[in-house]
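Take a look at the following structure, please.
The letters A, B, C, D, E and F name the chains in turn, as written, and every chain counts its residues from 1.
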Amino acid sequence: MKVVTFGEIMLRLKSPGFERFLQSPMLEATFGGGEANVAVSLACLGINSSYVTAVPDNPIGRACIGELSRYGVDTSKVLKTGKRLGTYYLEQGACQRSSVVIYDREHSSVSETTAEQYDWEKIFEDVSWFHISGITPAISANAANVTIAAVSFAKNKEIQISCDLNYRSKLWKYGKKAPEVMSEVMKYVDVAIGNEEDCQKSLGIETKILPNTAGFNEDAYKEITEKVLSTYPNLKKVAITLRQSNSADINGWSAVLNNRKEYLKSVRYDINDVVDRVGSGDAFASGLIYGFHKYGGDKEALNFAIAASCLKHSVPGDLPLITETEVLGLLKSGGSGRVQR
Amino acid sequence: MKVVTFGEIMLRLKSPGFERFLQSPMLEATFGGGEANVAVSLACLGINSSYVTAVPDNPIGRACIGELSRYGVDTSKVLKTGKRLGTYYLEQGACQRSSVVIYDREHSSVSETTAEQYDWEKIFEDVSWFHISGITPAISANAANVTIAAVSFAKNKEIQISCDLNYRSKLWKYGKKAPEVMSEVMKYVDVAIGNEEDCQKSLGIETKILPNTAGFNEDAYKEITEKVLSTYPNLKKVAITLRQSNSADINGWSAVLNNRKEYLKSVRYDINDVVDRVGSGDAFASGLIYGFHKYGGDKEALNFAIAASCLKHSVPGDLPLITETEVLGLLKSGGSGRVQR
Amino acid sequence: MKVVTFGEIMLRLKSPGFERFLQSPMLEATFGGGEANVAVSLACLGINSSYVTAVPDNPIGRACIGELSRYGVDTSKVLKTGKRLGTYYLEQGACQRSSVVIYDREHSSVSETTAEQYDWEKIFEDVSWFHISGITPAISANAANVTIAAVSFAKNKEIQISCDLNYRSKLWKYGKKAPEVMSEVMKYVDVAIGNEEDCQKSLGIETKILPNTAGFNEDAYKEITEKVLSTYPNLKKVAITLRQSNSADINGWSAVLNNRKEYLKSVRYDINDVVDRVGSGDAFASGLIYGFHKYGGDKEALNFAIAASCLKHSVPGDLPLITETEVLGLLKSGGSGRVQR
Amino acid sequence: MKVVTFGEIMLRLKSPGFERFLQSPMLEATFGGGEANVAVSLACLGINSSYVTAVPDNPIGRACIGELSRYGVDTSKVLKTGKRLGTYYLEQGACQRSSVVIYDREHSSVSETTAEQYDWEKIFEDVSWFHISGITPAISANAANVTIAAVSFAKNKEIQISCDLNYRSKLWKYGKKAPEVMSEVMKYVDVAIGNEEDCQKSLGIETKILPNTAGFNEDAYKEITEKVLSTYPNLKKVAITLRQSNSADINGWSAVLNNRKEYLKSVRYDINDVVDRVGSGDAFASGLIYGFHKYGGDKEALNFAIAASCLKHSVPGDLPLITETEVLGLLKSGGSGRVQR
Amino acid sequence: MKVVTFGEIMLRLKSPGFERFLQSPMLEATFGGGEANVAVSLACLGINSSYVTAVPDNPIGRACIGELSRYGVDTSKVLKTGKRLGTYYLEQGACQRSSVVIYDREHSSVSETTAEQYDWEKIFEDVSWFHISGITPAISANAANVTIAAVSFAKNKEIQISCDLNYRSKLWKYGKKAPEVMSEVMKYVDVAIGNEEDCQKSLGIETKILPNTAGFNEDAYKEITEKVLSTYPNLKKVAITLRQSNSADINGWSAVLNNRKEYLKSVRYDINDVVDRVGSGDAFASGLIYGFHKYGGDKEALNFAIAASCLKHSVPGDLPLITETEVLGLLKSGGSGRVQR
Amino acid sequence: MKVVTFGEIMLRLKSPGFERFLQSPMLEATFGGGEANVAVSLACLGINSSYVTAVPDNPIGRACIGELSRYGVDTSKVLKTGKRLGTYYLEQGACQRSSVVIYDREHSSVSETTAEQYDWEKIFEDVSWFHISGITPAISANAANVTIAAVSFAKNKEIQISCDLNYRSKLWKYGKKAPEVMSEVMKYVDVAIGNEEDCQKSLGIETKILPNTAGFNEDAYKEITEKVLSTYPNLKKVAITLRQSNSADINGWSAVLNNRKEYLKSVRYDINDVVDRVGSGDAFASGLIYGFHKYGGDKEALNFAIAASCLKHSVPGDLPLITETEVLGLLKSGGSGRVQR
C-alpha cells in the first residue's frame, strides 16, 4: 500500500512548557500540519507514505523536508518554490486555560502554488490511497483549486480518497465559505472524518449537537453520520471523533463510524494529563487508513484508530510518533502505563 | 480607575520542573510578591496600575523594575535605595509532596525604608484604590510602620483600601505578633481578603475551621466572615478563598464574600494538574478589585475573581498573566480547554 | 546502624520531559540502580549507608561515585576496575503510553568482577544490615556469584539481609533462569520485598494474581506471602508492594507485610500526576529498613515505607531524595500538598 | 532631550549557539530591528526615548511592545493594527562561516500602514531628535511613503533628523531602487550614518572602496564622506563605520566623521570573540545621538559612539544593553575586561 | 555519481558547552562516526550518498538511521541487528585543555557482524566511489574482515576506493597491530587520506615529523607522501592534512596532496574560536571526493576539501553540514564572516 | 598530607552564556568561594582536603555541602547554623566588557559565627597545611576574628599557613581598613599569594606597579615581593600572579615567587577564549600547595601552579576541576589542545 497526502506543513513555534507566549525568550521549533502529520504517522506505522506540499528553497524549507525524511516519509514530490514557510504559534493550555493557536501562514509557498506546478501523474504513481483535509481549501483560493485538481485526478485513477474535514474558523478568509468549497471537494471523497463541529461548519450539515454537550453519548452522533452520508452519495464511510474536554488536561476520547451498513462505536479512553493533543485527530485518520488496510474490518480499524490517537496525546509535538506494537499493546492491555523493563 | 499597590517584590529562584533544590545547577529566576502580583494582574486586565516598593539601585533591582514595566505597571514611584532585593527559593511540590518556600528576604531594601522616604502625595495622586497585604507588616518593624503610614494617608484621601491578610508563619520575627499589628492596619481597610488560616492567625479571630477540614462546604465559612466584620466595623466586605488541597496537583477552588447584606458563594472549580498555585490568591484579589470596578455587583465580582484565580493556576511564575477575555471565556464556557484555532 | 548495599549503578539517559527518544538531541544524564537508590535513600534519611559496586576508572565512573558522595553515601569500598559503566535509556511514559527502558549494561564493570576482588571483611565492618536485589544476579554469572558470596559472608557475620526481588525480564540472558539462582540467594535472606510478579517470576512461586488484577484488594496477597514464607523457612518477613496502574500518570500505591505473626496492610495513597516512578520500589525498601530500625514495629515500618515511596513518585530521577521529616509529615497530614511558607 | 525613532521591529528567531538552523528543535526568540535597537540603546543610556511602529494586536505583538517597555522605551505611540509581526531567522556565524539572515517580513503590520494612520503631531510633541534608517523605505512602498511623511513633518518642526543608511540587499523588492527613494529621504536628514557599502548602494555614491579592502585605513574614507556631503547640501554631518571582518569572530572596529569642518577619526577597537554583532551599528547611531547631546563636541561623540558599539558586540541579541558608565569605563580604561568585584 | 561509505556510527554524548563531564546532569546526544560523517557531508554537497552499517533494531538504532535520512543519506542498506549502538562521550576542550573522547563502543552491532550478512551486490549497485576509514578495522577482528571483504568486492567492480587512515590509539585492542591490518586494506585503495601521525601509526611508515613540529611547513610533508606512495603501488594519490594546534580553540589548517605527478599545497586557513573540530577530517575527505568528481583537477579538489573542512570547524556536532555554495563562497571571499542580509 | 581551608562559600548565580543579568529568566546556580575552590582543587589533585565554614541548616545549605562532598572534600567540620548562605550574582564579560560581580553576602551564616563555635582541635587534627584568604576577614568583624583565631591556633600546632591576599574592594564595609586587619593575619602566615593590587590594597605595600601596566614583565615584580617579605619576617615565600588582561577573553598568565633565596619566574601561557577566569587564582594557590608537597622544589611548584590555573580558565564555574595528569600534560606538551582519542 502506498499513501499520498497533500497539504500545508508549518513551522510550529511553541512557548516552553505551559508558559504564556514569550515569558521566556525561547520557542520550541518543530514542524507540523494535518496532512504531514498523517504522512508521518503512517510512516511510523510502517506504511509507504509520500507527502506533497510546497516549501521555500531556503534553510527553513529544507529543514522541514529533512524532518519528514527523518521519519521515513517520501518527500521527493515536494515542490521547492515560493517565499515562505507558514508558521503557527502555539501556547499550550493547562487546567481550565485553552491552548492558543496564532496562524501566520498567509502567503506561504503552498498557498500560492497552482495545480499546474504539480506532476500529478508521478505523484499518484502506484498509489492506492490519497488523504487530504479541510484545512488546505481554507487557506487560499489557489490551495482550494489545487485540492480539487488533486482529488479529481486521484478519483480518475481510482485511488481511495479520505478527507479530514478539520474546520478552522481562523482561516477561510479569501472570500468563500467553507461549505461552498467543501461540498465540491466532498464529491470525490470515499471516507470522511471529522468531529461534530466539522460536520456543521465545514459541510453545513445542521445538527443539534454542540461541542461537549453530548459528551460521551456516542449514540447521539448516529443522526449526524446519516445526514452526512445522505448528502454525499459517493461517500462510503464517515467517522466522527468525540472529545469530552473536561479541561485542557483531562479529555475523554472515542469515535463512531457509519459505513452505511453498521453504526460502530469505538472503545473509549479517559486521558488524564494530556501531553499534547495537537495532531491527535491526524493520528486517528492515519490509524483508520492503516486499520482498513491491515485489518479489513471497520470495527478493528476504528478501534485501532482511536487507540493510536489516544497514544498521540502522550507525545509532544504535532507528529504522531507511535508504532503498531504500541497501539496493539494498548488495545490488548488497556494502557496501564507500567514501565517496560 | 487607578490602583496603587505597595509591598515587597522578590527575585524568585525556582528549581526546574519538579526537581528538588539544586538537583540541576540551575534556577528559574523570575520576580514576584503578593502586591506586585496584584499590580501586574490588574495591568493585564487593563487597569491603570502603579506599584510602590524599594529596590536596590543595581542590575538586579533594575531588572525587577523592567519586568514590571514589561506588563504595563507604572513603576515611576519605586524607590531605588538599600542594599539588596529580597529573594525566595521555591521548590515546586507534586503529588503528595508540598511546595517548599525558603525566604531570604531579611535586610531587603523595602524592609529598611521609612515612611518619610516615600512621596505619598504623588503616589496617591488620582488614585481610587489602594491594595496592601499582611505580608509587608510581617517583614520588619519599618515595613509595618510604612504600611500604616500609607493606609492612613490613603484613608484621608478617601481612597478605597483592600488588604489581603496573607499570614506567613515564616515571617513575623521582629518581635510583634501578627494580630497586634494587623488589628491596627485593619482599621483603615474597606475590603479584607483571606483564607480561614489568615483570619485566625493574622487577625486572631477564633474559629473551629481548620485548613482543609471544611473542604468545599462554603456554608461553614459564614460565621467567620461575620466575626471579622463585627470585629472591624469599618470593613465593608470580607472575602474568603477556599482551597481544597487534595494534593499538590489537585485542588478545589472557590470563595465566599460577605458584604454585610448578603453572604455570597462563588462558582467552584476543580483544578487538576496545577501548574503553579503561587500568586493565585493575588489573582483573586485583583479580580475582586477589577470586578467591583467593572461590574458593580459583588456576585459578579466574586465570580470574576475566582475564575481569574482559577486560570492563574495554569500559568508558571508568580505573575497572574490573564486577560479579561480569558476570564469571561471561562465564566461562560466552563473551561473545557479546547484548542482555539 | 550501618547499612551496606551492593549492586549495579548505571548512567541513566532519559529523553527530556515526555519526549520520545531523541526527538531533541539531548538526554538527561543522571545515575541510578536499585541498590544505589536504596543507599542514597537511606543516607537522605540520616542512616550511615555504604554502597559497594565496581565502576571504570574514567571520568564517567568517577562522576558516578561523586554523585553518590553528594548525598552522603560512603563510596570508599567501590572498586575502580573494568571497562564501562552500564547505561540505561529511559523514555518516560504518559497517559496510556508506558515508560520504556532500554538496557545497555552488558560487559559493565560490575558484571565482570569476581568475589575475590572485594574485601568483604572491610566492607562489612560494623555493619548491621545488608541489602541486595534480584537485579544483580540477573546481569551475569559473575554478578550472581558475587551476590551469593556477599550474602554468605554477611550471614556468617550475623548481619540482617534484605532482598528486593525485582524481576527484570530483559535480563537473565546468561543461561540460568531466575528461580534457579534466586532460590540459592534466598537461603540467606531475612526480609524479602517484591511485587506479585517478582514472587512469580523471580522465585517461581505460583499464584493466581496477575499484575493489576487484584488492584487495591490487599487481602488477595495474603496467600502469596504465605507461600513465600513457607518456601524459605529462614525468611522472617516478606513485604509486597501493590501498584494499581491506571495509566502512566495515575497510580494507586500500598503494600502488605507478613511477619509470620501478622498480615499487615499499609495505608493507601492515590498518586496522580506521577513525576517519576522509577526508584519508588527502592524508596519502599529503604523505608522499610529505616522503619524497622527506627520504629521497631512492623506496622509503623510498613507505613513509613509506603509513605516514603509515595513521595518518591514526585521526585525526578532514580534517587529517592526524601527526608524523614517529609515522610512523617505525609503520614500525619495526608499529603495535601499545601505550600510551606 | 526626547528622541523618537520609527521603523520595523521583528521577532528574531535564532538557532542556539552556533548551531545551523534547526539542528535542535529550538529557536531563541527575542525582538529587534534597527530603529527599535536605537530606541532601546538610548533608553539604556538614560535618554527619554520613544519608538513608533505598528504591530498586530495579538499576543506576539503585545509581547514585542512589552519587551521595549521593559527597557524603558515609551511605546504609547505604537499602532496596534495589521496581521503579523515580521520575523527574521538568524544563524550565527563562527570562524570563516558567515551569519545568515532570512527575512520573513513581507506583509508585516508596519509595511502596510499609511502615513494617515499615525498621529504625527502627538508623536513629535516635545521631541528634539528623530532617527530613521534606510531599512524602512526598503520594505514596501507604503513604508517608504510613511518614512518620507515622517521626516517631512519632523523637519517642519525643526527636529534634528538622523538616518542610518543601512542598505539591505534582500529587501528593495517592491519596484524601486534604493537610491531613487533614499535621495528623497536624504533631503530632510541632518546626520547620515553608514558604512562604505551603504553609501554606494543606498545613495548611489560611486567610490573605489569595497568592503574590507581599505581595512583600518581610516584616511581612505575621507573622499566618500565628502562626496556624500556635497550631494546633500542639507546634511550637516556624515559618519562612517569601518568594520575589518577577519572572520565572524574577529573584527576591527572604528569610525570616521566629517562635519564639513573637520574629518575626525575615532579610536579603534580589536574585537575578538564577537558574541553578537547584530545591532552594533544601531549602538553606534545611538551613541552618536547621545554623544552630540551630552558632550557637544563631535570628537567626543564619535568616540563615545564607537566605544558603545564596541561593547554591543559582547551582548547577545539585537538590543544594545549598555550603560553610559560602561562606555565611559571603556574609553578610560581601554577594555581590559577585568572582573569587577 | 553515487558514493557508498561503510563504518560505525555512534551515539555521541557530549557535556554541554565547555563543561567537564556531568558538571550538569545533561548530555547533548547526537550521532556521528567518520564514515557516516562523510556520507552526510556528501549528501549536503548534493551527492547521492549511501551509508552502510549495522545498528540494533531498537529506538536508539532507529533514531540513528532517522538522523542520517534527515540529511538525505540513503540508509536502505543499513542492517538492523545486534545488541547495541556504540557510544562515545565527548568533553570539549578549551584554551590549553584538550577535548577528551571516551569510547564505549565494544560489542556494538557493527563490530559483531560478518561479511556474509551484507548484500554487497546490492550495496554497490551503480556505485562509483567507496569510502572507508582506518577506524573500522580497529574496532574488532570481525569489522576488519568485513572491511577487507568490502574493498575487495568494490575493487572487483572497479569502484574507486578512498581510505581515511584515522589512527585511533584507544582502539586496536583485539590483538592485531594497525599496520598489520591496514597494509592489507591499503592494497585496494586508490586515494589515501591522513595526517602525519596516521601515516606513522596506521601504516608503519617511518618519518621524522611529529604532530605539530612541522607546523605550517607544508614542504616538510613531501617525503612522507612519497614514502606512502612507494609502499603502496596501487595508490594513485595521497593527501595529508596539517593541523597546527596552538590550543583547543586556535588551529591552523591546510593540506597537501601528492598524485605521483605533482606535490600540491592547499590554501591555508587560520581558525580561531573553533566551535567543533570533530568531523573536520571527514569534511576534508568528502570535499576531496566531491572535488575530484566535480572539478576534475586535483588542485581544485584539494582547495575545495580544505575550505569545506575549514567551515566544519564552525558547526557543532560530528556532521559537516556545509553546502557547496558556502565552500565556494569561502574560496572566493576569504571568509570575512560578514552577516548575509 | 591533609589540608584544611576556612572561608565563605556562596551560591553563585550566573546569567547564561554572555547574557546580561536576567535577559533570560534563568540563572546558572553553582557554588564557589576562594577557600572552597582551593579545597575542591586539592581534592581533585588527590589531596586529603577538608573545608570549614558555616552554612544554614536548610536545603540550600545542604546542597552546598553536597556539592563539596561530590568532589571528595571532607565537609564533616562544616557548621550548620545561621540564617542564610551568601550569594553572588555573576555576569560574564566578553570582548571589552568586564565581568560583573554583585555580592549579596551580608548576614550570611559564616559572617556571623564566632571563634568559639568551631572545634579547632578536631578541625586541625593531623593537618599539615592550613589555607585562608583575605576575603574572609573582609566580610565582617566576626569573620576577621574567627580567621585570626584559626591561624593562631594552627600556628601553635606548627601547621604551615598560606594566605591568598585576595583584596575585594566591594567588601571591607564593617569599619576597618584591609591593611589594619591583614597585617595582624599576616603575622601567622608562611606563604603569601596575591597579585600586585592585593599587595597594595590588602597589605598597604606601596608600589609603582598598577594592574596591567607591567604586563608580562615579570622582572618588575621583584621589588614588590621583597617589600612584602621584609615587612613580614615570618613569611617564607611570596608568590605573585601576573594577569595581562587584553580583554575579557584574552589573557596572559604567569607568576613569580620569591623564597628569600631565589626570585623565580614561571612559564607563561597565552589564554585566548577564556571560558571562566573566576577561581583561577584559587587554582594557583592549590597548585602551589600541591607542588610544594609533591615536588619539593619551588620552581616545580610554581610551574605546576601556573599550569593548573591556566587550565582552570577553561572550566565553567568557580571550581578548578583539574587533575594532576592534565597539569603535567600541559607542562609537558605545551597545551596544543588536540583531541585525545
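In the analysis below, contacts are C-beta pairs under 8 Å (C-beta built on N, C-alpha and C of every residue); 3 or more make two chains touch, one makes a residue touch a chain.
Since we're looking at a predicted model, the values are computed, not measured.
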Same or different for chain B and chain C, where same means more than half of the interface numbers show up on both copies? different
Distance from the CA centroid of chain A to that of chain F, rounded to the nearest Å? 61
Using CA atom averages as chain centres, what separation in Å is found between chain A and chain C? 44
Using the touch rule from the top of the page, what residues of chain D touch 2 or more other chains? 20, 23, 25-26, 66-67, 100, 272-273, 317
Which category does the touching pattern between chains fall into here: line, ring, star, complete, or other? complete
Spell out the residues on chain F that touch chain D in their complex, using ranges where they run on. 17-20, 23, 93-101, 103, 168-170, 211-212, 243, 245-250, 272-273, 277-278
Listed in rising order, chain D residues that touch chain F in their complex are 269, 271-275, 310-311, 313-317, 321, 326, 329-330, 335-341
Can you tell me which positions in chain F touch chain C when the two form their complex? 66-67, 69-72
In the complex, chain C residues that touch chain E: 13, 20-22, 25-30, 58-60, 63, 66-67, 83-84, 87, 89, 91, 100, 102, 104, 106-107, 317
Touching residues on chain E, where the partner in the complex is chain B: 23-26
